[in-house]
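Next come two complexes built around chain A: one with chain B, the other with chain C.
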Partner chain A sequence: MDYYNLLTTCAFIHLLVSIPYAYSNYVENKAGQFFSSGHTNNWAVLVCTSRFWFNYRHVANTLSVYRSVKRLGIPDSHIVLMLADDMACNYRNPKPATVFSHKNMELNVYGDDVEVDYRGYEVTVENFLRVLTGRLPPSTPRSKRLLSDDRSNILIYLTGHGGNGFLKFQDSEEISNMELADAFEQMWQKRRYNELLFIIDTCQGASMYERFYSPNLMALASSQVGEDSLSHQPDLAIGVHLMDKYTFYLLEFLEEVHPASQANMNDLFKVCPQSQCVSTPGHRTDLFQRNPGSVLITDFFGSVRKVEITKDTINLTSSLKPLIQRSGSGDMQIESLTYVDQLPVAEIIHQLTPDQFLVCSRRWTEQSVRVSPSVYVQPCEKPPYVDSSPSHAPLCCGG
Partner chain B sequence: MGLLSDPSRRKVLTGLLTRLNTPICGMPVEWLVKAMQSRGLEVFTQSFSRKLPFPDENKERYMVRGTNVYGILRAPRAPRTEALVISAPCSPGDSNNQAVGLLLALAQYFRNQVYWAKDIIFLVNEHDLMGTQAWLEAYHHTNITGMEYSPLQGRAGSIQAALSLELSSDVITSLDLILEGLNGQLPNLDLANLFYAFCQKLGVLCTIQGKLQRNDWDTAEGYTHAAQTMMLMVLKQACGRSWGDHGLFLRYHIEAASVRGINSFRHYKTDAATIGRLLEGMVRKLNNLLERLHQSYFFYLLPSLSRFVSIGCYMLAFGLLVVILLLRGVTEAQQVSLPSGPGVLTVLTPVVISHLTGVALYLLPVHLQEMAVEHFPVSETEAVVLTAVAIYTAGLALPHNTQRLLSGEGTEQGWKVLKLTALLYLAVLLGCTALINFSLGFILAVTLVPITASMTPHMPKALSALVMVLLSPAFTVLYCVFIYQELIEAPVSVSEGWMLFLSVISQGILDHALYGSLVYPLLALFIYPCWLMFWNILFWS
Partner chain C sequence: DSDPVGFDSLDLNERRGRSTDAELDRRDGTRTSEALTPAAAARDEFQEELVIRPLHSGDIYASFQFRTLWDTDFLQEGQKVSHYRLFPKSLGQVLSKFSVRELHISFTQGFWRTMQWGQPFIPSPPGAELWVWFHDTVSDVDGNWKELTNVLSGIFCASLNFIDLTNTVQPSASFKPLGLGNATDHRFLRYATLPREIVCTENLTPWKKLLPCGSKAGLAVLLKSEKLFHSSFHSQAVHIRPVCQDEQCTSKAWELRQTLNVVFDLYTAGQGKKEWSLFKMFSRTLTEACPLATSSKVYVDITDNPELFELSPATPLLSQAVVLGDRRTYSVYDLSRAETFGQLRSLNLLLRWKGDGEMLRPLLHAERYVAGFGLQTGEIHTVIYNNHPYRAFPVLLMDSVPWYLQLYIHTLTVTSKSRDNKPSYIHYQPAKDRHRPHLLEMLIQLPPHSMTEVTVQFERALLKWTEYTPDPNHGFYVGSSVVSALVPSMVAMNTNFTQDQPLFSSFVPVKEESSYFVRVYTEPLLVNLPTPDFSMPYNVICLTCTVVAVGYGSFYNLLTRTFQVDEPSLPLAKRLANLIRRIRGVPLLT
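Here is the complex of A and B:
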């Protein structure tokens, strides 16, 4: 009997002890899940490559993905939107300043606050590859750069006219699947992405992801090699086809997704089966390290902010104190830095007052070192670039 | 969503057309200017005048004067780089009294829309083709035909496409599409397909060459019907005149077609609102174009509106005919031994004399008309035509006269060399003609090739002379007139046919002088001398 009592007591104590332990396990699991994807920020590069009025549907495709991505939380500063032609203000548009995705004008995807980063003739193969690889001239404004790092999840969406192994840009040039694969490899080697989701809606789209060889890439296409992607429905008042089938059903799927939803990639693969799309959508996951079933839609389409915990403290002011001390002693020697920053002025901006954005090149330290940071001297050049004002939708289209 | 979807606009249109039912043409210029200005167009006028080579019975004596009125609807948002033209010729009497009303109604409707990417020019021209020619020449800053015109004050950009309307009655049962232009030039086939597609969509009957479509392609009647339609198109193309105002636009690489409303007293009638919707649809489609129409064929023959014969098919038939001449020439060349043959001079004489006769046929009828009128009781037109016929017949007497001039003729080699020259000359001539105007080249080839290839002096003279004359270019034209009348189901008697033939000759001379049609100079200066050379061979002794 004593033995029996002892056993029960031990079990009871064990239970009591294990509950918080189980709870912390649960918390750890949850925490583990929270950090499982490994990314801390989201970027999107959305490209429409065709111009002319009758390619209205490609612009509508891109704008509907833009809308979903913005709605799920990615801000304009993290979206690079490239539209090869202006459909909203095209002379032939009977409803100026609008781009509709559903017939009978149910949904205007142009909205009030579309920020187009590359427009018109700026959408070229060269600019697209430079955006991806980050090799842009120093005068390029922030809004035109893909400032991703090795913890970024990037969504890349391409639409336009394509063929077996190429995508046509602006009726005059093409990008091949090999160029695209090499660009992604450059991105991988420069640690410019954590994971990348590539969606393409063109004819024979699956040929564009055949040559990928970098890790952590997942790709979806609207049709297989030898098949055409079809457009969805024309609007008789506007007179053109409004959307492509695949993106139309993709938009309908994404409208159901909200920032907290647990929909995963397997659901995305099921979007637009052949019965609806006529073409057979394809996907490629062999380069992706996680199981697609555990990848959330919001990992790429949304911007669920995650935090990176560090165990060391970082002294932020220490890098500047030596400079100011040196100014006192009249010594003009400067420590040479060991690497070139992506944005040479990034660490200086937060030292200036917000309304004086005199952003100087590295030379400022030589000339104005005697002056305290609150006084700004002439040798500082005008900013080497100007933050381009976002292009809001012109509500009257100039007439 | 289109024109007149609401009843109030329909009422306005019908009212406008009933008010305009009375013949308005004689060109009420001020009224047109006011009407267009009140609809928000930029209105300009242009006056022109032309001295005719001989007074046609339809026009005034020698001098034709007229005024064109045109209004430009500026695109609200687009730069003024491109334009479309809708024109309605204003003829006296009843012949086009509804088209101007429809034009004004369209202008009023178009003014309220925002989706125009091109300026639209509404042109009302006087004297049909002459007015259009004056306007086009002034617009493009050229002067090909020697017309006098005042320069245009208002201009839109480069014209991408044009439509010409001819509506003679307010009740329309079908619309006829006219494609043949000056010198047999045709607009892009896409324009014809566009028109036919719109007709089918709106349920309007559409015809070509005045004939309806048939669906029974396998039966003999269906095939005959299609062959007749195609034959009509060949004849119309061969005569080289512009069968609608649109024909003059084609020279400037502006795709244009004419639409004629026909009232054939059917049961099912179309009202003006449907015609307006059709035109509105066509203009909107042309507005959405980004380039000039160039994707489809420029050279085709239409046995019906839904089928066409492309140049790849029909040029082969022509090529086979010309190959006969070349093979014959090769045979003759083998038989001629050049060093011992006669000199070039013996061949040169018939050639030169034939061409001089051709030049006489080209120049003299127009230049000698005053002299003819003094001596004979005929009008100027008749004088010109009869002079032409006289010179043509006089040419038949040439060989005998030529023989008397030259001595040392009559060698076997002489006529062979002449035949070789003439065969090659004819082959090159027919080839060049077919490239410009296939139908003309084909008809000439069909009549000339058999007899000329087999021509020798040793054939029975009387019989072959008769066949030769019956297959000469003039008789070819006569047969074409009779066949044309048969095909449009209005057969004529011999005397009527003869009068028609004379009027065709005068029309040909007039077209050449006024618009630059190439049929008359081609026949007079090249084909006729070539035929005369063969005539020379026949009478070689």
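Here is the complex of A and C:
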């Protein structure tokens, strides 16, 4: 009896001791997982390179990836969205301010809260490469810059019309796969990314990632070399095809992902097999250091915020002087301010002397011609010179 | 004089505490200032209003105005601003960094049809327009201008960075400052317009974020992009200028006005029924005023009531205002009072048309078009109409034409009633290829009840092949002409700015009673330049390869091919006969 009691109490004490030990192990594992991927912030560069109304589907592609990325947590300040043409407020759009991805107008991917950073004619190869490498003119605003550092995971999504080794920008210029690979190498050397996921949805898309040579790059494409990527469904009310097949199934896959989901890259590689897509999606992972099975979808599509809790207090000292009181004192005469006359006719007429209205024309007049009481046109004798303010010498017409 | 009729009772303290535009005193410019209250802490203020004006064609015009008053003057020595309460920080930093005195930016989709809709409260040209007055302390105005356009393109998500010296002009007489000030040295003014700029939700989103309440409360809940962009005309603008801090007008405060004008079309948004409600226009109703607003009102223009339409729910508050030279009566819905919202806690105005009416012809109206044929020359015609029966008035016409339309100013003619009309002032700055556009400003006296036509011939330039846009066959845009005028008013205008004047009538300062200032924008022009065939290299390669293949290939074959005589094949009958003959051992047939 005694021995039996001792045994049960020992087992009970052992159980009591091991529970907190198991729990701390669990917490350590979770913490270990939290810090294992090595990145601290997420960026996304989403580019649509096609112009004209019949390329509606490329804008819808880009906006659906934008919508997923925003939904999973990346804020607008960390997304560079480039749309080469405006479909939502296009005059041919029967429903303005909307871009639909599913037929019968089920899902509006444009939304109410979109911020497009580069639009229209600004989407050029030069601007795209400048955004990637960070070599922008000094007056570029922050929303148009990719301010990533060496602990950033970047998602790059390109869509448009492409071919074997190139991608067309706005029907007037191209970017080649070698230029893209060199841009990524520049980014690696400048430590502008930790890991990079490159997704491209164009015809013969796999040719664009063939030439990559920088480390930590993973790439996905919608079709192999020699294959065309096809569009999904047309909408008869809008009159154009709404999405491409690969991005349509990618959007369906991403709609199931939530910020805490454990889906990994192997699931992403299985999106849109040949039976659904008609083309064969491809991927490239040889430059990536981690095993794709251990890479979470949210490592690239979601946003990680690392929070450090501190219990120290910080004293904020104010370095500003208090606002000077605006009240006047005593009997000081202060002029009351007035508004300016919007059309002071008399002042305008007497503003400049007639000397300054001498205009010279190089081709059409042989002698001075009086056009109005104060404008004379005479033949140019001297070569033109630069002046930026109204002056007394004759001005030459541009030509 | 405009006396509010049936005015809503306000606390006297509240009325005194509000600081609005100046009370102009023409008799003496200086005043002795009494000792002001010592506890004059900075008082920011926010007012919002919506004006609904039914139009005679069955369309409806809605104009939102949000006014934020920022009681600070950071150009004084020793003042450093770091506390932003109602005024948005992004714009405040822009103002201080670039020493901006006034900033006016507008984004417009569609063209305002003056003949059908009358005059807008705040006019704007199609596309984007930006004009800025800098302070006279700025040494490099062009540098500041360039950086300012880049920063604004980031704030408003628009491609304003395309504004550079090739489309910026420095008007010499137009665009005088709308705010306080004395000296107007036009070297500190810059004006640019981008007629091709699109307006969409991505421009509306940051605009809404500048409001103190955002789009969560007050009148801004009505701003839903799916309805706003499904309209004939949509214009959103930001106007920043210095105004008087109080009635004595001894110091300045910054005023930020955000305006949004929209005209809903009877057939596309109204489904053909002449019946409008807030829900039909905006797919929302009003439920509360913005808590940060000192006044939040909805005005409905009922001057043509009750013959034209009927309005429900009825309201006892009425207000009269003289705006655009006409005395109009408005029904006022004050959103800061709970009884406005009724039992359902929501306000949905309903306007039902009862009859048709005739609109008064606007007194000033302008048009512009390109005449001529071919891709070498053309002629720009600007037509200005003065519809006043007996009064003549002067207008200032400003034209800014890009350098690739080479104007021949010696062909400039101004005719009124088929007679020459000599302008009393002309300022012309010729273009410099790839550096500067043409600028033509003229002060023309319009005779009463007349049409004035300004024509100038031009020649189209051939651009370098890298200068064409990706879609050059669409054409190239020429910005709208601006016609500024002092139009004689039918009703005496109010020159005293009282505190209780509605926002829509207090935008442009009024200096004299007999006329009001108006700005009319013409259509932008779309001009085709001689465009090369960009598929030409591909075609040349195909043609050359074909010629080489056919020509050289044939020649090569002739030289190197050898010919051999070929036995003709016999018909079937003879072949069978030959077979039998071979068996028999007899000579064959040929």
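Following the convention adopted for this analysis, the second predicted complex is superposed on the first by the 279 of 399 C-alpha atoms of A that agree within 3 Å, B and C clash if a C-alpha of one lies under 4 Å from a C-alpha of the other, contacts with A are read in each partner's own complex, and residues count from 1 in each chain.
One rule holds for everything that comes next: a contact is a pair of C-beta atoms (placed from the backbone, for glycine too) under 8 Å apart; a residue touches a chain by one contact, two chains touch by 3 or more.
The shown structure was predicted, so the numbers you read here are calculated from the model rather than taken from an experiment.
Participant: According to the stated criteria, A:P96 is in contact with first (chain B), second (chain C), both, or neither; which is it?
Facilitator: both
Participant: Scan A:F54 for contacts with chain B and chain C and give back first, second, both or neither.
Facilitator: After superposing on A, A:F54 lies in contact with chain B but is clear of chain C.
Participant: Kindly classify A:G239 by the partners it touches after superposition: chain B alone (first), chain C alone (second), both, or neither?
Facilitator: After superposition on chain A, A:G239 lies in contact with chain B alone.
Participant: Who wins on chain A residues touched, chain B or chain C?
Facilitator: Of chain B and chain C, more residues of chain A lie in contact with C.
Participant: Between chain B (first) and chain C (second), which does A:P75 come into contact with in this model arrangement: first, second, both, or neither?
Facilitator: A:P75 contacts neither chain B nor chain C.
Participant: Which partner does A:D112 contact after superposing on A: first (chain B), second (chain C), both, neither?
Facilitator: The answer is second: A:D112 touches chain C but not chain B.
Participant: Check the residue A:E122 against both partner chains and state whether it touches chain B (first), chain C (second), both, or neither.
Facilitator: In the superposition, A:E122 contacts chain C only.
Participant: Which partner chains sit in contact with A:R142 here, chain B, chain C, both or neither? Use first/second/both/neither.
Facilitator: second
Participant: Is there a shared patch on chain A that both chain B and chain C touch, and which residues make it up?
Facilitator: 52, 89, 96, 397-399
Participant: Which positions of chain C touch chain A when the two form their complex?
Facilitator: Touch list, chain C to chain A: 22, 24-25, 29-33, 35-38, 40, 42, 73, 76, 78-80, 82, 109, 146-147, 150-151, 153-155, 157-159, 161-162, 172-173, 176-182, 184, 187, 196, 198-202, 205-206, 224-226, 228-230, 244-245, 248-252, 394, 396, 403, 406-410, 412, 414, 422-433, 436, 438, 443, 469-471, 484-486, 508-509, 511, 517, 534.
Participant: Show which residues of chain B lie in contact with chain A when the two form their complex.
Facilitator: Listed in rising order, the residues are 1, 75-78, 113-117, 284, 287-288, 290.
Participant: For a test of understanding, state which residues of chain A touch chain B in their complex under the given definition.
Facilitator: Residues in contact with chain B: 52-54, 89-94, 96, 236-237, 239, 397-399.
Participant: Note which residues of chain A are touching chain C in the complex, please.
Facilitator: 51-52, 86, 88-89, 95-98, 110-122, 137, 139-144, 170-172, 320-321, 323-345, 348-349, 351-352, 357, 359, 361, 364-365, 369, 371-375, 377, 386, 389-390, 395-399
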